[in-house]
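In the two complexes that follow, chain A is the common piece, with chain B as its partner first and chain C second.
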Partner chain A sequence: MTQIIPTIRWKDLGTPARVSEREVTLEIDGMSVTVAEGSSVLRAAAEAGISIPKLCATDSLEAFGSCRLCVVEIEGRKGYPASCTTPVLEGMVVNTQSNKLADLRRGVMELYISDHPLDCLTCSANGNCELQDMAGVVGLREVRYGYDGENHLKAEKDTSNPYFTFDPAKCIVCSRCVRACEETQGTFALTIDGRGFASMVSASQNESFMDSECVSCGACVQACPTATLMEKSVIEKGQAEHAVVTTCAYCGVGCSFRAEMKGNEVVRMVPNKDGHANHGHSCVKGRFAFGYATHKDRITKPMIRHSIRDAWQEVSWEQAIGHAASEFKRIQAQHGRDSVGGITSSRCTNEETYLVQKLVRAAFGNNNVDTCARVCHSPTGYGLKATLGESSGTQTFDSVMKADVIVVIGANPTDGHPVFASSMKRRLRQGAKLIVVDPRSIDLVRSAHVQADHHLKLRPGTNVAVVNAMAHTIVTEGLANDAFVAERCDIKAFAKWKAFIAEARNSPETLEAITGVPAAEMRAAARLYATGGNAAIYYGLGVTEHSQGSTMVIGIANLAMLTGNIGREGVGVNPLRGQNNVQGACDMGSFPHELPGYRHVSDAATRELFGKTWGVTIDSEPGLRIPNMLDAALDGSFRGIYIQGEDIAQSDPDTQHVTAALEAMECVVVQDLFLNETAKFAHVFLPGSSFLEKSGTFTNAERRISPVRKVMPALGGKEDWEVTVMLSEALGYPMAYKHPSEIMDEIARLTPTFKGVSFDKLDRLGSIQWPCNDEAPEGTSTMHVGEFVRGKGLFVITEYVPTAERTSRKYPLILTTGRILSQYNVGAQTRRTENSLWHSEDRVEIHPSDAELRGIKDGDWAGIRSRAGETVLRALITERVQPGVVYTTFHFPESGANVITTDNSDWATNCPEFKVTAVQVEPVTQPSEWQKRFHDFSNQQLGLLEHREPAKA
Partner chain B sequence: MNAGHIEYALYRILAYCNQPSANEFTATARHPAQTIGGRNMSPHQSDLVDRAIADNIALDGAALPILHAIQDRIGHVPAAAVPKIAHALNLSRAEVHGVISFYHHFRTEPRGRHLLQVCRAEACQAMGGERLAKQVTDQLGIEFHHTTPDGAVTLEAVYCLGNCACAPAMLLDGEPHGRLDAATVEALLAEARA
Partner chain C sequence: MEIERLVKMANDIANFFEAEPDHAEGVKSVAAHITRFWDPRMRSAIIAHLAAGGEGLSALARAAVAALVPPARRAA
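Coming up: the complex of A and B.
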């Protein structure tokens, strides 16, 4: 089922497509050609199959007209216009070939080649070089100028970026890289230095790429027609011989990539031009940081041990699975059916996640299954289901290109969802307005060509007050879309909500003291959202990871309904999902109270449907959530757990509580690529398979199901779904799947929103946005068109309740957490790549005034103490954070960011309150007690791994 | 091949005309505002840059007026001024660098105590300007766009001072000198280096 494509070049039509209702017919080389108005002559010719030579033009960038290779003759016009910058006109007659044009083109190539090394045979672009191709096309036979004139051949190569090199000696100064950095990525890190013969590409102020503003997205490398910008992996290994289209396993954007291969080895990952989520763009993680998949730390043999103080013993798959199964059976026999459970992963495929929850429900016979979405987007599921009727974002990513007002709440897209951020920034450059609601000055607040119209710099924990103040403004100033509300929403609930929100206590003036946002700014932002045209809200974990996370999601949905900003393109409520398959893991029934498709376990009909197909009786009571499992472990009623691809010892709040619970369990089974923090507490280790080693599907933040295709054999010999099948069978519940496509077929049979999904259809369409059913056989791009999924949209009252986590004299600062571009989540993958060159440690950001007060200087060790624990990080003094707030990332386990976070959580879903922890920060000279213990324990565990006993032959 | 580059520079300059004026000025981002590649500005220079930005930021197309103001007040545009200009104009450092490097008028290194601008355009060439230019480079021992090792004179080429009637011509510290001959030039240079 793996679709192998030979590494033929992308078809490049020269200039971007134009969308127009009007068509234009012209004649090119005697052929009649009809194209959209606004298209270039170059593109019209390419669409008709006529190639005009070109170098500076490529269809991902606007025409530039600098290389003069694409010149043509147009009847009735003087001279030789560049076809890339000449728009088509009705009745135009174009000649692309003549003796004169051939002379001109050869002359241009001659000039290029007179200042270009003649090392084609040993060049890394050999076989995939546009300059080489064009020299062939124009028939270049000699360079009359010789090669001894002034040239750039001695220019120094920049190898500072770990993933690609910049060799100015090979540069033809076509500016494709500069334009890609601007148009595609939106960073503007490159420019042309100087002019005339001295023109050269410069990163920032003539710096090395590493020191410059470059974010290493790879767009310039992709755009370069020569070997000037080239992946180091290609320099090392040569050009690939085949490629497979697959889906990135990092964030929730879910970019489509072509894995370019030599046999079983990935040469490079190239963003797929046909990818529906990314349209040929990528970020530093997906494009370059795949080396972890073959890192030496990968554990490829199953291991067991009796106690976490014992050395590991390598065993066969059968022995490991047999041991795990017998332990689970023993525990259930001794302590009851509910004494074991499982955790699915948002990093794994839909099919694997589905199988783990099926194993828990059918083989364990309980509902004790949960997923890492618990600690990120569970409030999204709850809040959007309650108000709109479906637990998902409402739009496509492309919808942002039709938004007039963009609201970003508690999300940092340029770091967390970089490829989507690039589209967003493009739309902002086209003139869309921007409102940022964030305690921190993220890049979107102000960076090159981006300027937020309103930055509501709220105090952490006061989201609901902000959303209420905005709604209050809209309601009391008469800016609501009454017609939309009357037609689409539950009027009774609306009337109640309206009375509530109109109360003076919800006014921006009253709430200013709580939120810290000036009332005038708040009102202006609310007016802009309500009256600025299509308004779209994008939000992240800054919304959900609060004690009122679900309330805030509801508040956002209320706002969208109130202004009619839902149910068409350019608007909507868009959760930006952290991990590649958070949406999918939630869809697949990973929560203890829901079967696949968000159907509650208390619903007899759904239980009957699944029970009959699976041949078991499904428990009607919801099972334990992760925090409940941990509590139950400490009180002795929960003793065994099967964890697939998740690292709760690093990612979940109050680390010391998590590790104590893990230590209390009798059988911890971890299936992962690496001996992660959780695996250090495990008794059975089952080698996981990376996204390159298995087949399945991921579902991104826009409900888009995309294929993951196996490009190399699983290092441990088994794909993750096969391991779950084995475990289930050993537990006495056989599952008969021969391929993940059969798992998807079962999901489609049992889940109405997935009814029309199959691997065959995914191969045909590339990707599918659910719901995909009889009414929408090719999927659904925009949700809630005409009618909400729940029928009438429901306004729910959102009373602001301050979190119990408050500052005091002892803990005067608020700590909030986030992530950074180069690292990903717990860092298990990115820390094992060169991405660490950008971010090699987590640091605590502190405002200069708070730092000065404490005598902390930039780079000093700072102790951060909360009611839960203490850790030590180096300080980064910056005005990005406001006084009274400190900030850190959690990509390194030894940072212990979650040693400090508390067990406070969302009232509805238990999503931890990662974003608000009262802390004190003080200068210190040594690591915290926890860090010392962590260090010792971690070293001990790595020792036990190193001295593992090999499997007996 | 250069048409595109010139077009591009023009496009950028036009783009600046549409820049909204900055309404907030907070220190930013990945590069500390005052240090780039270890090249620092003195606090006084930093103040001058801030003032040059503040004086011109409200103009349409403020980039060039800001750069002129900085060069007029400091003598050159220090690399460390670029992040400040970029932030104020909502541009990247690369873009500002691109503009500075496009115009030969802008210097990025401190100039000498005296600035000698020799016209090398057609009218002066016709009147022996090239011979004069050679005399200047020989006598100073430097090429155009360089400064003498003693820091006395920075030599620049300009293309027409609008003083063709008095060709060959040059400017010394902004003062025009015309109908030059070898002796006058020698005397002027000697005075400048004294």
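Coming up: the complex of A and C.
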């Protein structure tokens, strides 16, 4: 399965591919070459295997024509045109080599090298430098100008970015970095400053990279043909000797990367040009923040303890597993079969989550299994299944390039899903219209060459009112796609829904008082969505993490069906998944009511199928969801839990409730990389393995299954799936897998949407979007083409029900939460990397008027109090938030963002209402009581870890 | 299970289906949702709560809980 790629070079075809139905045939060096119309001569030659020397051209960027190295002769044309900027023409005759061309190219290289250090042997790019290659190719033997003239060799190096350096002495001003920042990333942080000889690359207004607008995505480093922009890890370790293609373990975009290796050590992660989700692009997390995998905080030996006040004791794997299994068996014997359960991880592989739910269902014998999607996208599963028939997004990421209207609701793609945001921004620069529905001014509302046509700055908690007002406008103004509805949807349900939505109480004018969105703006946005061509909705946790999360997902699906914006490219309903494998964890049967493939446990045929294969009887009753497990722990009916790769003590709402529940349990088994917040309440700690240490698959937000390949041995000696196999066996239910590919084979046998998936096919195709079956053997890019998965699309009535969480005199502000580019979720990984240089603490954003009213200045300590609890953060005064709304991130445990959040939850799925908490904010001088207790407890637990007893020999 | 929490959950579900114009359909939907998503101990607790007066349950939630089939006794 691990495919080792010996070379570290990509084939670079010089200019981007062109898609055209028309082909052009020309002659290059006497060879007949046929390429797509619009291709450059440089690319046509490269496709035919003819390399024309080049420096400023690369196939990830549009041609620029500045280096003059790729000059060619074309019959019937005067001079020596640059082949990168010359499009092919039918019958063109091109000559790429002649004495004259050789002279010209040598002359160009001579000028470049006259102002370039001659330190090739000690240069970090040695062996992987395009300038060096071209010097060799053109046969440069001397530099007649000498090296004493004016030059840039003493230009100062910028080492401010923690991951890469900028050495202007080595810069050839080819503009590849500048163009990558614009075209690939869309940040426009880099420019060429000055003219002529004084030209140089500048970050923002001649600032250091770290102080500039640079988001450290690495696109410039990737594009640089020399050592000017170079990873510090390569400077330190040298060039890699082999590479392995794998999949990023951060967000739901699921970027494909090449792990460039020296033996078992990662030298750098390079975005895979052939990656189907990212096409060679990356962000600061996936590209650079992998150092956590070898961080000193990793725990690599299993540990046990009898009480959470005891010091940990290191033990063998057998002892740890044996102890956990005997505890689970004891608890079940004393308190019943349903008194234990498990949590699967959205950060682990499909194969691993599948095994954990199998262990719960087959070895524990109940359905008490849940996953962190409970607290993020469970409403997506419910809402899309109810309306469209499948619990997943409908498109590919690439589909955005065909959208004319892009609607972003409750998502912050530039921070949460940065690589996809770059595609989205590219499409917006091409002219697509943008509607943002968000209480806060996210970057997309206004950034470089992007401006939202409509920003519906709603009050938090009023999503459903907004979606109803939009639908009302479309229905009552006659903008609906009646033909689509008539052909594709359940007409009876539609008639009922239509009568509901057309009522005056759903009009933008009536709802304005609730949403805070001016009716005219709302109507204009609705008209644009309905009539602006292909319209695609992208949404995130700002939709789902509400008491009406599922209602809002349904409302979004209603809107898409109403306007016929579903079932083809460029449209659709697109949930942006938070974690790398949220989609996969849900697909794999991690919910307590569903077996793999979203089949309810009450369905006898499905139970029979799994029961027969697994050799057990599957319980027909739904099990407990995470919040229910916690409640049941406090009433004594739930006493043991196996948690793989999750940190509910930080990520789940109402922290004090969560920790009380964990404390009430008799056996908490945590399998993780680090002693996370939950592990501080554990009795058994099983060392987890990072994505670099195991094989398997992740499924991203576009249903794309991508291979995860082991590049280094597991630090704890076992991949996560092996640990589950051991635990299951100790529980009396042996599982006979020798490799994760066998687990996937079982999944494929039991799950219709995965029927055609195998590791072999993934190796062959690179990735596969499910459904993958006999009808679609290579997967399915767009869902619901021609017919909805459930048959007829179902309109469901979405009454706006205000959340129970209300502001009052005591709690006059609404707190909402989100994330930031450099940190990831609970931060367990990114906080252990240099990413913390961008974001070293969570701050509370507050509007200047609210701050002034309270006497809070920027950087002051601010106490945030809700009905659930209190915490203290430093204030960040900004107009990004509207008056009456405050905002924070939750990446640092000591921030206690979830100490404040309440136990309100989505009516259908119990997904917590993270996005709406009534609070008061006041200036304070010291940490909250909770923070003091947290600090003491945390220190005590770290002490118990530090003083752990080593394993007896 | 803390009964106030279960009552709130039942009422939240009922709130969604309150919009259903056909009352019988609404009752059926709420009961079906609870049956599909609540583990047996939660269903038993809410049924017992209704039997004890059902304090705090909305009218629709009350009707739905009354329509629930009590879960079979669970083996250990």
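One rule holds in what follows: the second predicted complex is superposed on the first by the 952 of 953 C-alpha atoms of A that agree within 3 Å, B and C clash if a C-alpha of one lies under 4 Å from a C-alpha of the other, contacts with A are read in each partner's own complex, and residues count from 1 in each chain.
Please note the rule applied: contacts are C-beta pairs under 8 Å (C-beta built on N, C-alpha and C of every residue); 3 or more make two chains touch, one makes a residue touch a chain.
Bear in mind that the values here come from a model prediction, so they are computed numbers and not experimental data.
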Contacts of A:713 with chain B and chain C, given as first, second, both or neither: neither
Going by the contact rule set out at the top, does A:190 touch chain B (first), chain C (second), both, or neither? first
If we overlay the two complexes on their shared chain A, which of chain B and chain C does A:500 touch? Say first, second, both or neither. second
When the two structures are overlaid on chain A, which partner does A:66 contact: first (chain B), second (chain C), both, or neither? first
On the A-aligned overlay, A:600 touches which partner chain: chain B = first, chain C = second, or both, or neither? second
What is the contact status of A:202 with respect to chain B (first) and chain C (second): first, second, both, or neither? first
Kindly classify A:322 by the partners it touches after superposition: chain B alone (first), chain C alone (second), both, or neither? neither
For A:884 in the superposed arrangement: first (chain B), second (chain C), both or neither? neither
If you lay the two complexes on top of each other, which residues of chain A touch chain B in one and chain C in the other? none
Write out the stretch or stretches of chain B touching chain A in their complex. 1-9, 20, 24, 26-31, 36-37, 79, 82, 86-87, 90-95, 97-98, 101-102
For the complex, give me every residue of chain A touching chain B. 56, 64-68, 108, 111-112, 173, 175, 181, 187-196, 199, 202-207, 211-213, 441, 443, 446-451, 879-880
In the complex, the residues of chain A that touch chain C are 332-333, 336-338, 367-368, 496, 500, 547-548, 550-551, 592-593, 600, 602, 621-625, 628, 631-632, 634-635, 637, 797-799, 801, 804, 903, 905, 907-910
Along chain C, where are the residues that touch chain A in the complex? 1-2, 5, 8-9, 12-13, 15-16, 18-21, 33, 36-42, 71, 74-76
